[in-house]
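Just below is one structure, and these are the notes that go with it.
Chain nomenclature is as follows: A, B, C and D, assigned in order of appearance, with residue numbering initiated at 1 for each chain independently.
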Amino acid sequence: MEFFLISMLNSLSYGLLLFMLSSGLTIIFSMMGVLNFAHASFYMIGAYFAYQISVWLGFWPALVIAPLLVAAVGMAVERYGLRTVHKYGHVAELLFTFGLAYLIEEAVHLVWGRSSVPYVVPPSLDGAAFTLYSTDYPIYRVFMMAVSVSMLIGIYLTLTRSRIGLVIQAALTHPQSVETLGHNVPRVFMLVFGGGSALAGLAGVIGGNAFITEPGMAAAVGPIVFVVVVVGGMGSLVGAFLASLLLGVLQTFSVALDYSFADLFAKFGYTVDPDTPLAVLWNLTISQTGPVLPYLLMVLMLIFRPKGIMGSREG
Amino acid sequence: MSKLRYRPINLGRWLVWGITALVMIVLPLIFTSGFTLTIMSQIGVGIIFALSYNMLLGQGGMLSFGHAVYSGLGAYFTVHALNLISKGTFYFPVTLAPIIGGVAGAFFGVIFGYVTTKKSGTTFAMISLGIGEMVFACSLMFSDFFGGEAGIATNRVMGSNVLGITYGPAIQVYYLIIGWALVCMAAMYAWTQTPLGRMANAVRDNPERAEFVGYDTHMVRFLTLVLSGFFAGIAGGLSSINYEIVTAENLGALASGSVLIATFVGGAGYFFGPIIGIIVFFVMVTAVGGITQAWLFYLGLLFLIMVLYAPGGFASLILMHVPVIKARLMRRLWLPYAAAAITGVVLLAGLVSVVEMTYHYSAEADTNPGMALFGLAFNVTSYTPWAVAAGLLVGGFIVSRFAWKAVGKAWGEIILGLQERRA
Amino acid sequence: MSTAIELKAVTKNFGNTEIIRGVDLAIPRGERHAVIGPNGAGKSTLFNLISGRYPLSGGDILLNGESVSGLKPFEINRRGLSRSFQITNIFQRMSVFENVRCAVLWSLGYKYSFWHRLGGLKDANLRAEEVMESIGLKARRDTSAGVLSYAEQRALEIGITIAGGAEVILLDEPTAGMSRTETADAVELIRKVSQGKTLIMVEHDMGVVFDLADKISVLVYGEVIASDKPQNIRGNKAVQEAYLGTEAH
Amino acid sequence: MFHFKRTAEAMVLVSALFAGSAYAETLKIAYIDPLSGAFAGVGDAGLKQFQFVADDINKRNLTGGPKLEVIGFDNKVSPKESLNVLKKVIDQGIRVITQGNGSSVAGVLIDAVNKHNERNPDKSILFLNYAAVDPDFTNSKCSFWHFRFDANSDMKMEAMTDFMAKDKSIKSVYLINQDYSFGQAVTRAAKEYLARKRPDIKIVGDDLHPIGKVKDFAPYVAKIKASNADVVISGNWGADASLLIKAAKDAGLSTPFYTYYFGGLGSMTAMGDAGVGKVKQITEFHSNIKPNKTEKFANAFNAKYGGPPNHLTFYYLRVNNEMYMLARAIKETKSIDPKKIALKLEGMKFESDTGEVEMRATDHQLIQPLYISTVAEAYRDPKNPKTAKFKGTDPDVKYDVEDSGLGFKTDARIEGYVTAQPTSCQMKRP
């Protein structure tokens, strides 16, 4: 029971962090059709900015300033990069962000060096929030969940209730008519891209110290974020939310399952010994494959439900 | 009529292929050092790999972030086959061993391709990335087949010795590679001239219309990917003969990313583009990489600039001059080009200085503040060199803009002139 | 005369909106049939349903007596139905010749071949030349399709549609946006290429419709309110009220 | 004869003029490790240490003439690129190479050096390995041209389990490792050695997780917790190590971790205080061993490279061992010929800073004492203002590493002979 509850909480907090990462990507994709390969790089620079600011000013200012700085970087990227390649189509945009991811990683090397930086959880959030049976549950994870959920609500309200949200939604479907109404559509796109980047930056601010802030962190989460977007359904925010939670549960609980095909065969009276053909495969436990499961899930999803959990469009 | 019209082009085509083959054969006689031979062998393998990649990107419009899966698995199968051959389990000539890699590459193309090619565009790109990650992660888990971290080694020198060819000396391997490279280049070129090749273009340009003329776009993409996997597998097989070892990096995201960058920089829209790209790429990696540790930064920057300003790659930059040369209008371009080159050098010098000084500063400012650049020695902790570098960068940028405007203007006039002549 | 295409109680909804509300239509082989109706009546949607671009919400479509509902566009195409598009839909980056040749490859059985050399496919090349001749674009053979004039692109659109030799041809507003002389040329072209075939066309230009069609169906708000010979349609009260009366030409 | 004498006199004169350079000879050593990309930090730290030792050797003329020069070559941690670099190195006429990061690279280099030396016996290359720990390199893949100055992973496990066997409170062990050759080797060795020494210890968990793919180790920690293990053994390194220990700290897991690399280059900063009192590591050296004969040397190194921006701390005693033993071989053979040096290194006994070490002749594995130590807060010395930001109270933890405020405290010293493993090596000597 203890294990189950703790794992449930762990999967929830991991899932929410994944959602924070993928929500920005999903918003940008659904609104601009741009698949931002460098999205995880914005997550990384969010963490690095937060580290630098927390050295100078402390964690709480960093929580606000770092995402704003990332938003500024994102807007600059949109204005001076994406807008130029937009005319060559979505694949060109994807290529541009792919190159950008390379460049950001090298720039991080340039400024902060090649190993990790000591970006740590602030003392006020360090420690146990509560103890379940005998396991501590850290305050910081509770904080992470709180930030994710308030962000989710914030996005929802912005998109559905605010004027800018309505303009954004209209700009997507009918850019010309919105333009004739006097709105500056390129600027709307720039804001959307900046906002999406800021969300990734925010995830970096609170994920960077929960985990580790190093130049490889972008490459480590990038592919998973794409899996979330594919499984959730390209461009669906609700889908991304469900997919994030699903991946959280999948990755957390698969760790606990030490079953392999060999165990299954044993139930039917076969024993797998080292000479059995493909013995390695049969002896592989589910927990061993845990981190590969997202990709497997993605492939299965593509076979059985290509549009994803909540997807409306197919590719 | 139509036949007559094609004849001169065919002649040119033979000439191009002949010269390419001749250059490849003669090169090692000029550059004899072991290192250059290694690089040239790698370029040979890289050409096959990049051309196979371009079957997807250029011909089929599929942007893949996981193409190394096919070459890597091809390499693993070849290396296992070579080990079995040398054990005497079965007989197969080493010269033809890359075929084994090709078959393996095609086989995995069938397995993974069926799912991934349902879509094109960004969806395909993401899925290819996911498949690449999955295969790479698996490669470290199944160390029986993949050899774990150490990889699988082999020895290409085997008992049989046909006409003195043992593949011991690197030069023999080089000729094996260029032999295969020429055959594969010809085969991939021929593919572009087949119904499937043409329909791959059609599906790239307008998948919907292709469906309404009877073609299943999924099937066209799928078959294209399988064939592309076949050639990638051959490249993998050759690399396993060349290095005599295969490790997991052959399957990794870096290998996939590299071939994408090389292909795009060379020019995905042209058959020969990736060949230029691979050569540029190796120059960056070996020449620039030998001078500075910031080579990845420069490579990334080059790639971004190409995406932004020359999406057709070097090939398009070269080809756009052909009609100008034919029309004898090049003289109008020399002056603006010279201006652009001179200002470009200033800009580049500024950029390189800033980047190199930043690298040096962040790495060892306090222990070793002295550094040398362009033959000048200075101290990175003093202000003057930074001011000079920044001045070069900003000044270079400003004057370059003028030069580029002049280039743009000259081109505008030339295009107008060409249109008038046509009319 | 057997039926080429038959629609049985076809419906289509987009969300809660019913666009097509139970269309029944049977078109015999060899007929030139025009579908007319006011804007938003669902004409293009009907074409998209027949050609497999959209899935049906209800009902069935028979091509030569066999159901084609649920089939993909290319499967329907292979059963002998070909269509054109209202908004020009050609292979922009290819030459005119390549555009047409792409359209003939499947019907000549070359399928996904990567062992034939295109240059050596005499029948395909010959057929492509014939089609170019018939659509009057022979002189533009090696021009890139993207730089053709609008009328030429429309002609090429028709060329691609008929190149595969389909028995049933759907043309979606083939003369839209053309000048008077261009329209006249297009009518002649359509008449020529649809010789001996079943033709269904959506068209706004009544001159063209009454000139070409053997029979006309009138679609209003997703329903066929009349389907008859042109002269009878002209006199049909319901049609005049619903259509000609409000949107007289 | 007379002629020879004159020459010799002239040489003495010259050497008086240019103190320390009796011969104009320089032995170049190619350092083949990552100098760009993600692992450049580790590679760069190693290079700096090699060059620092080389300077020391040249200053003290330990070779009896030839200068040592260490030249860095970037292999981008890629086995393939390493082969290209080797070609370049050979082209430049360099005959001694050294490498450490990644057993994949080391394996490729051993193979390539063997093939090269077989095909070009007069231009043979010598490979000095300072950190690649795959046991195969001194067993099935052993080579005359390869010398290993680090204890291999089995030897470290031998030492670790030896220490654990004495602790009767340990009843159960949890294994968590990266799923690749090294991690799998650690798992196998741990099970085998514990079964031999303490059959009563139960293995209550055995996790292999993909390398570098796990973002959140909380689920693994929950599992460790649920198993009630007394200790955890892990061969994880890099982010997989830091993330694991951070997650353990978050969950309030107090189980000790016996590790290989949790205190490795750059890891302490990432781990932070999560490891204090909990993480044990096995190394040939750390800054707080007693007696510490390396102290002066290490301080000199730290004075040069410590602090921003490098934050380096002297780490590899084995690099010193490697270079000093090389220098002695040169001095004793009066030659810089790789083959002669190799023959001299075989069986060489050397008095290192931690006691006598021996390059075992049968498999070219250095047998050396090892230390088990625990992460601790560095000592705050009221008399030394430099230690103001430290928090520790134990004067034994005198130095921190990489400006993290954390250092190591020795738990035990394991003598070299204890760690020695039987070898299956059948060396082919030229």
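The criterion applied here is as follows: contacts are C-beta pairs under 8 Å (C-beta built on N, C-alpha and C of every residue); 3 or more make two chains touch, one makes a residue touch a chain.
Here the structure is a predicted model, which is why all the values come from computation and not from measurement.
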Furthest chain, CA centroid comparison against subunit D: C
Intercentroid distance (Cα basis), subunit D paired with subunit A, Å: 37
Inter-centroid spacing, subunit D versus subunit C (mean Cα positions, whole Å): 75
Separation of subunit A from subunit C, taking each centre as the mean of its C-alpha atoms, in whole Å: 46
Set of subunit A residues in contact with two or more other chains: 113, 288, 291-292
Touching two or more other chains - residues of subunit D: 37, 40, 44, 179, 208, 210, 213, 309
Touch-based graph of the chains, sorted into line, ring, star, complete or other: other
Those chain pairs that satisfy the touch definition: A-B, A-D, B-C, B-D
Partner subunit D, residues of subunit B touching it in the complex: 33-35, 38-39, 42, 137, 140-141, 143, 147-151, 153, 155, 168, 239, 243-245, 247-250, 254, 286, 289-290, 293-296, 362-367
Subunit B - residues contacting subunit C, complex: 190-191, 193-199, 201-202, 205-206, 208-217, 219-220, 223, 227
Subunit A partner contacts - residues on subunit B that touch it in the complex: 61, 63, 65, 115-116, 118-127, 129-131, 133-134, 137-138, 141-142, 144-145, 253, 257, 260-261, 264, 294, 296-297, 299-301, 303-304, 307-309, 311, 355, 358-359, 362-363
Subunit B partner contacts - residues on subunit A that touch it in the complex: 29, 35, 81, 84-85, 88, 90-92, 94-96, 98-100, 102-103, 106-107, 110-111, 113, 219, 223, 226-227, 229-230, 234, 280-281, 284, 288-289, 291-292, 294-296, 298-299, 302-303, 306, 314-315
Touch list for subunit D against partner subunit B, complex: 35-37, 40, 44, 74, 78-80, 83-84, 87-88, 90-91, 102-104, 107-108, 111-112, 115, 119, 134, 136, 179-182, 184, 208, 210-211, 213, 304-305, 307-310
